[in-house]
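One chain, subunit A, appears in both complexes that follow, with subunit B as partner in the first and subunit C in the second.
On to the complex of A and B.
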């Protein structure tokens, strides 16, 4: 049902055009109004080999609403294949064709014999938000493009984590996860970002298992791939940030993949030694600054809310105030995610609220006793309210206006150090 | 054409003033065909995405201080709220004022498309009013709510008394028009419908309405107008509802961009007798002088204005003449909204740069007063001609043109467009700020900016060398108008 969306943190399902864009040389073709692509793209970092303003679009008009837009969809796909050089064409439908009943799937099926693959994902805006749309795109690839492989490549692991572009750090995070997996002697396979594309998609069925690093987004895809492609999956719910969680992550993946324990432990030791070399040098900054207290709040999607909460609590010894998950998590997933927030060191439990109404979140932040200056990691909306409480604010989640990120990552040992750098860069800019 | 503010629906530019988005030919042909009424725009059987009219319409309204925008539709429509929030914070801070404008969505889902959600919309309006006490409320539709027939007009009428502040339904279905500038008209219409009041009796003022985007030249324009005993009221960024309610009392309306200001200017003239300054815009020397003189004429301040022009010319003209030496003979392609394309073309000619092709994102055959836009008329009267096309930001057409002509520069005004030119190896100049070529001073700066852009092409060369363009060789061999077809 409709609801008041005050301080909006997500887009609609058609926002999944960004997931398509993140696959190098995959081109979204929009069957939608003329301005959807522009609205659903970020003003920073959205260009590349393709950019939203060159996505083919049927630009539905009044006449198409009355008479249907299938003819225009047909000519748009047909000519997109001629004009734009891509490896994969993904037709995405917006609200209008789905309300007026265009059979877009039928139109797409006419291109089965085209030189390049053309697939289709129903992503009407009212079908859900862009987290759901992201799943729809991966589903479309699995259902319409991939086939079960009889042969498996030893040690090959497909990694699924962030929702590209919605997550500011998606590129760096995926690369860092790949590095960590490689260090265990496994071969990572991802489909998003630089130098990944159709060849990586083709490799998906050959993997020994899927690794999903996410509280809920993508779980449906894992189940579908298990059914259709016979690929088992490991669901690791917490984005590993910093030493505690990353070491735990490596042990769990190593165990699942059958990597020798000594190998896993030696990788961990090497990283932790360096990590704590840095922490030791800077410990007095964390202990003796005057502006960061123990209590913090994260306002973000489940992915970062959980990952950052665990990092700040288990690595840095901070104490969670209430945490806010703003991605409209499906109701049937909330309980198990809330349970994860209770698994912190020393029996600490973080209270978490699944809330999409920013006004209510701000009221709660204002009314909480942080025993001093609050530390708030969230969307740009939290900047003003945190400043009004004389707190410290870091923009880590959508919307982002305070930060430019090219390929920084918050994942792993290095990612934890980056996040510390960012938090304390805010802190050192003031005295009391 | 009579403007009817008793109905919340605004006719689109296509239907109201015969605007088009598809044409390839020459400037002279475009103008003469529109003058004699034979111009018929084309549609495309292949197109790329452009802009939603709601972005323009609601973006304008969200610039007003302390109001609420309620965008009734799926979350993708109201995603503009994130940027509106940011803009409202930074623009008010820059001006040294505060704004508590809110822009919210209703996150409509599949059930709502079947059963409707007007009762939720009603609750949302009342809740937003309670939370933020806005000075006015704008309730907008979207494609989805428009098609399923959500009656936002009735809901607005229904809660009007309860909310106790001006509230107006704004019809922003994105499929209505391929011309996003229709959104500017929609925002003007909403303001005229519920905010602007008839002039108070006995109020005398030296105020002049100044329709612009982001008021970056505000301080210098206030300073300049002081010399003419005029006080500009900038719209809508950082406007207050109180200011807007008195637009009808001003002695004239002017604008930075004809596409932006045309509807409001004509409506205020038609309904309240506030003269609309009809002139080419303030870009370049001729533009600035013609505009100032027209203001002088309309407001009876010609003497003061002639004195100002004389003083300023003495300072700037010799400097501009000096820079022109470095620009002589350069070639340019430009792609902008029609409110700028035909103005900037004039300035380029003025600076000695040859326009080889001008793209306008749409073209208005005639403005509300029935006349051809002044910028077009100027070019025709001065026998200036070049190849021209009308395309709603169709990047593949732009790239085809740049590839064929390889001009010395590409000038553009829309986000995400310049990078494509530089990947073609063409230096790009982003004419983002609407005051970038305003008056003598900024014309001089603009000319110097071009010199700088042409002088150091490192960035363009670095990137062009290492990137592959996404268009096929087949496409580069086609004519620009390959996918244009006559509207049936």
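On to the complex of A and C.
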């Protein structure tokens, strides 16, 4: 019996077309029905040189289900190469061609000698959601495009973090992580966003190590790159938000990269001094216990649930109620992620539930005693339920409806301050 | 459940006619296997012409019937694109579509946009492919067998 999923927080794997789009001058070629790109695209900063409305698509229909869509795929790739000027063409397959058994990989291999690279990522919806699809796209780049490099560039670090577009703050976050890494004297390399692209992809094999800042998304890519390109990786599970976590993050990255301890500490000191200067100035606001809620809940993917929970507990001293991870985390990763939620200051531990059903999450929120009004950070779906409990709500994760983010970031010292601003802006509105 | 499939073919072996070129649709009936049950003529006049045998070569026939088609629908020959000979405007298409509206789908080498839309309206599937008839029918009946019985097409 088919199951219904209430308030879904992710898309099908073909949603990875957004990851491709985030790579400047990379073009997704969709081998899917005509409605797929339309349904998967949103107005969240996805217009521009390439936008979902112009992605080449085989627009397969009943005929291709019966007779196969291989011919159409071949001509679509051929013509895309002719009429669209891109640096990298990524063929993404939807459910239909994979169900009926089109050999898309074979078709793509016919374009090995094309002037521009054409690669292929199987992103059928039944294989998983767009977090998985994002991994597939990176995998495709590693597997089909990159080659092992004999030379290494000293201090070069590839940074992998958010899933572009799925995460509202992806651009700002990546840039902030880059900034932090370069302050340690290392050279960051990322492939997504403005002024990054095929040249950055080409640089990947020359890196000394990969830095993955994510609880689970991308871990398979890191392992693949370690095997194929011989690049070791540092898996840092927590998105560093605020002073406590960011300092921890810098120390760990510094240690892994062999950066002198004094150097790391001086970077940390400079940031922390300013950070705590700001906190001190507003101490009266933070210490006024009627303003902010006593307990909080985060409803988001593992990335933010973990990062924000640590930040609110460690830096703001709030008490975590139950946290909800809604990204359909693979079962074999859940335990170690749940362990991370227990590593909080002041001997606090957060209970976490890996739940994708919005109804169940809302029932739990309604039935929990928050010792006052709740503070809920989550998707837009949580707005109504939080309002019904007279709580404070901040939209931080998918789906986002009441927030426009161009390049803001919640990462690092600066990101922590941003998040405090946003949360307290909501909180003080209650009294004004 | 039995259903019918209309095929455009000149030799009874390959799907080699465009929708507009078809003068005799081969109608196959599908039960647990498929068999040819009927040849359905598009225009009686053409059939008669064929039978009377007063023309010696096939080119003449098709040329003649093309003219006939144009006369019938008051369509100027300059407005007829391609060599389909089926230019009958919306009216001509409608007539031809109605002729096989008891079929579940139609299989031709090419089928124009107008005709596709008209078939869509009647919920008749269109398959424009250039393969042997047997292959086409095998694939189509396999597909219908699966979806009628709610079975997956997954390989």
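One rule holds for everything that comes next: the second predicted complex is superposed on the first by the 426 of 432 C-alpha atoms of A that agree within 3 Å, B and C clash if a C-alpha of one lies under 4 Å from a C-alpha of the other, contacts with A are read in each partner's own complex, and residues count from 1 in each chain.
Criterion: a contact is a pair of C-beta atoms (placed from the backbone, for glycine too) under 8 Å apart; a residue touches a chain by one contact, two chains touch by 3 or more.
Note that this is a predicted model, so its numbers are computed, not measured.
When both complexes are overlaid on subunit A, subunit B and subunit C end up clashing with each other. When the two complexes are overlaid on their common chain A, residue A:187 makes contact with neither subunit B nor subunit C. By the touch criterion defined above, A:293 reaches neither subunit B nor subunit C.
By the touch criterion stated above, A:353 is placed in contact with neither subunit B nor subunit C.
Look at A:30: by the touch rule set out above, it reaches subunit B but stays clear of subunit C. Once chain A of one complex is fitted onto chain A of the other, the partner contacts of A:100 extend to both subunit B and subunit C. Once chain A of one complex is fitted onto chain A of the other, the partner contacts of A:62 extend to both subunit B and subunit C. If you count the residues of subunit A touched by subunit B and by subunit C, you find the higher number for B.
Common to the subunit B and subunit C interfaces on subunit A are residues 62, 65, 99-100. For subunit C in complex with subunit A, the residues that touch the partner chain are 125-129, 131, 136, 139-140, 143, 152-155. Contact residues on subunit A toward subunit C in their complex (touch as defined above): 62-63, 65-67, 99-101. Residue ranges of subunit B in contact with subunit A, taken from their complex: 45-55, 72-83, 85-86, 89, 102, 104-113, 117, 120-121, 123-124, 127-128, 131, 142-144, 147-148, 174-178, 180, 392-393, 395-396, 414-417, 419-420, 467-468, 470-472, 474-475, 483.
Those residues of subunit A lying in contact with subunit B across their complex are 1-8, 10-15, 27, 30, 32-41, 43, 46-47, 49-62, 64-65, 72, 75-76, 79-80, 82-86, 94-96, 99-100, 124-130, 328, 356, 359, 380-381, 384, 398-399, 401.
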